[in-house]
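Take this structure first; my questions come after.
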Amino acid sequence: MDKRVKNANEAIKGIKDGMTLMLGGFGLCGIPENCISALVEAGTTNLTCISNNAGVDDFGLGLLLQKRQIKKMISSYVGENDEFERQMLSGELEVDLIPQGSLAARCQAAGSGVPAFYTPAGYGTEVAEGKEVRYFNGKPHILEHALTADFAIVKAWKGDRYGNLFFKGTARNFNPLMAMAGKITIAEVEELVEPGELDPNTIHTPGIFIQHIFQGVNYEKRIEQRTVRPRT
Amino acid sequence: MLDKTGIAKRIAQELQDGWYVNLGIGIPTLIANYIPQGISVEFQSENGILGMGPFPFEGDEDADLINAGKQTVTAMPGASIFDSATSFAMIRGQHIQLTVLGAMEVADNGDIANWKIPGRMVKGMGGAMDLVASADNIIVAMMHTNKRGASKLLKRCSLPLTGVACVKKVVTNLAVLDITPNGFKLIERAPGVSVEEIQNATEGRLIVEGDIPEMKI
Amino acid sequence: MDKRVKNANEAIKGIKDGMTLMLGGFGLCGIPENCISALVEAGTTNLTCISNNAGVDDFGLGLLLQKRQIKKMISSYVGENDEFERQMLSGELEVDLIPQGSLAARCQAAGSGVPAFYTPAGYGTEVAEGKEVRYFNGKPHILEHALTADFAIVKAWKGDRYGNLFFKGTARNFNPLMAMAGKITIAEVEELVEPGELDPNTIHTPGIFIQHIFQGVNYEKRIEQRTVRPRT
Amino acid sequence: MLDKTGIAKRIAQELQDGWYVNLGIGIPTLIANYIPQGISVEFQSENGILGMGPFPFEGDEDADLINAGKQTVTAMPGASIFDSATSFAMIRGQHIQLTVLGAMEVADNGDIANWKIPGRMVKGMGGAMDLVASADNIIVAMMHTNKRGASKLLKRCSLPLTGVACVKKVVTNLAVLDITPNGFKLIERAPGVSVEEIQNATEGRLIVEGDIPEMKI
């Protein structure tokens, strides 16, 4: 059960032009920095990327947008990226915006073998167009389908060769859900530890969901909004 | 007339002991600074933290600990961290007692629009559609009029909706208004603001019954 | 946010005859021993109990069955309890048997505000009778609804006054899911710790799902099948 | 003819390196003792553990660490523990490569019955319905005939079904059989068992093509 690969370049080898990728992270928090860089380097194109956000102009998925490697984005919020907005408004980039909770639940559903579920989110809005509406307890809900991807790419704090993952703080976000949903899931970790070092009770993502794992390098972990209070 | 801080202070008066609260980006975020004495509430941020504390001290900021506005935050003792599915389980499952968010437009039936201006601006709905579709108690915090002076309290939203008939209360720089079956009901005036000024700034149906007290901030 | 109550008797005070309860545990592992004892003592009757198993004849939910306090059981496996089987076959006890994964998912759905979802489990069997069938990717699925309860009663290893819970080993099982699903949720814990002692990253059940918490006493933690290998 | 251990040993030959495996109660549990040399597999138990190890040493048993059969077990280095929803996410989401379970009856189209005898015995389906409805690779481990000598490999199950057209392979005390569109296909005979004996013990459609080799255990 040794799922280790050498680095990001080796991990993404199977990713081909035109594939659908899921990428963990919320804003720039918990994004798979190494794999994004490797994808920029590889020049893989025509990608459909499922990720809550689209990075900022010069970091995260913004790097792939700059190079026009992304054909379509599936996200919930893209407000921090001018290049994204430009490509979208000009029609160069296809965009599917979906409610954040539905995005999370659709990934989880895919990983869980649940093909579809009902949610109240988006009823009566553009998001509901073309979707089945059904009432439960007198309240309208829409049918949402599981969302899967050829590859899911997630980033954890610690992991072991079995693929077990532990996330730190709010860098967890979509990562465990996308890890479940990918047909193949790549995990990059800040620290690769020996099996048994992670307490089985506190593993966030059991290794069964992971196919490739490696210890990343040079994490920048950029902060989007550095808000502090003065020491008094 | 209130400034943004004033709006936050007024909404803070709505907080009740033991409530779990989700605060949106912008004015709502400020509310955390004005929790009334003697009550205890917990803040949930939809990116996956409950028991969010104030901004960290300079030098203590952690890239792995942010709120939904991507700002560095801290975790209070008793905080918990979870994935996005669990976070929206809390929201969709109605485990949160109060949701406060900003808006571009609110209609007098409780419709809200805050995620898109067709052809001009698309930020995305983020977690707002889940929040407004699920929460029982939604307060909108916003300016009464937009930058061009036009009312944001309308008969009908002109922008794409975020949710239908969901807003319960609106607190603006001019007034506190409840959403009722017959439209906006004026509850309080901002200090120094007359009923007439509020009427002039409100395009949607406005109900004014009896004497309207001035807010106490 | 102090959710502490003194003991099981105080915790279950709101439970009335005829209510629906969820009880965590798998077999005798992770069951809320203190609350079950308190319910036996209180004599609350006509209960509908949702629990994966029904205990054994003289422990766990078996104690409530002995006293005929349960009108209906909703479970997935009841093979360890002769009194249960007797009451069921004689018609004294109503029983709704549902697939274990559907039971777990239906609790989770209730706690998550998802009123219904599709699952392949049970298609073509008695379980599917009267349920909507729909094909996804050419495969038949049935529609299952969220399952809620007036009270959920769960048992954790450690917890704090905010209601945050940490489970040990496979005593976790249904407990976190039922904790989400109860209109009111009671947690009994082996050890009540101070807020902050539990690492926020490793809390299994965030306190938001819990209404009452107490430190239990005299845990028996009976083992159903003591299987060991000799030391060599 | 095989005993229960023999059936477990024969099924163990089907294991492949890197597989995640769910073993049901009874004969399937024994398979864990006969993993072929040089391959690494991980066992999942649906009550919430992956990386299950052997029974604990005397005195080390922990009431909080059991398998789906309620037996005390151990956790291997690299094990993980999770709630029941995550456990069945693994199962329903097809993250498990092999499921082995017992049965009362198997039909020649792959139907399986193993949870109920109307009016006489009802243990419940436990996780079996989720497992058989989800898994691509299901092997049934059972005796070829019941205690009264009647075949358990049938044209049609007489008992309430656990799942439809899902079993891929059956390993009994007499034979290894694949489920094909035309019925049970005889693959191997147990040591010392003739094709005729298998034919006599099989009520469902049985395909016998060419020479049927004897199992190597």
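Details
A, B, C and D label the chains in the order they appear, each numbered from 1.
Note that a contact is a pair of C-beta atoms (placed from the backbone, for glycine too) under 8 Å apart; a residue touches a chain by one contact, two chains touch by 3 or more.
Since this is a predicted model, take the numbers as computed values, not measurements.
Chain centres here are Cα means. That of chain A falls 33 Å from that of chain C. Averaging C-alpha coordinates per chain places the centre of chain A 28 Å away from that of chain B. Chain centres here are Cα means. That of chain B falls 55 Å from that of chain D. Shown for chain C are the residues in touch with two or more other chains, namely 105, 108, 112-114, 119-120, 168-169, 172, 201. Chain contacts: chain B has residues 49, 75, 81-82, 85, 88, 91-92, 134 touching two or more partner chains. The touch graph of the protein chains shown belongs to none of the named shapes. Which chains touch which is summed up as A-B, A-C, A-D, B-C, C-D. By the touch criterion given at the top, residues 45-49, 54-73, 75, 81-85, 87-88, 91-92, 115-116, 119-130, 133-134, 160-164 of chain D touch chain C in their complex.
Contact residues on chain D toward chain A in their complex (touch as defined above): 18, 20, 40, 42, 44, 49-51, 75, 77-82, 85-86, 88-96, 134.
Considering their complex, residues 26-30, 52, 75-80, 85, 88-89, 95, 97, 99-105, 107-108, 119-127, 157, 168-177, 204, 221-231 of chain C touch chain D.
On chain A, the positions that touch chain D within their shared complex are 1, 108, 110-114, 160-162, 164, 180, 194-196, 200-201, 203, 206-209. Interface residues of chain A facing chain C in the complex, by the touch rule stated above, are 105, 109, 112-120, 134, 136-137, 139, 141, 145, 166-169, 172, 199, 201-202.
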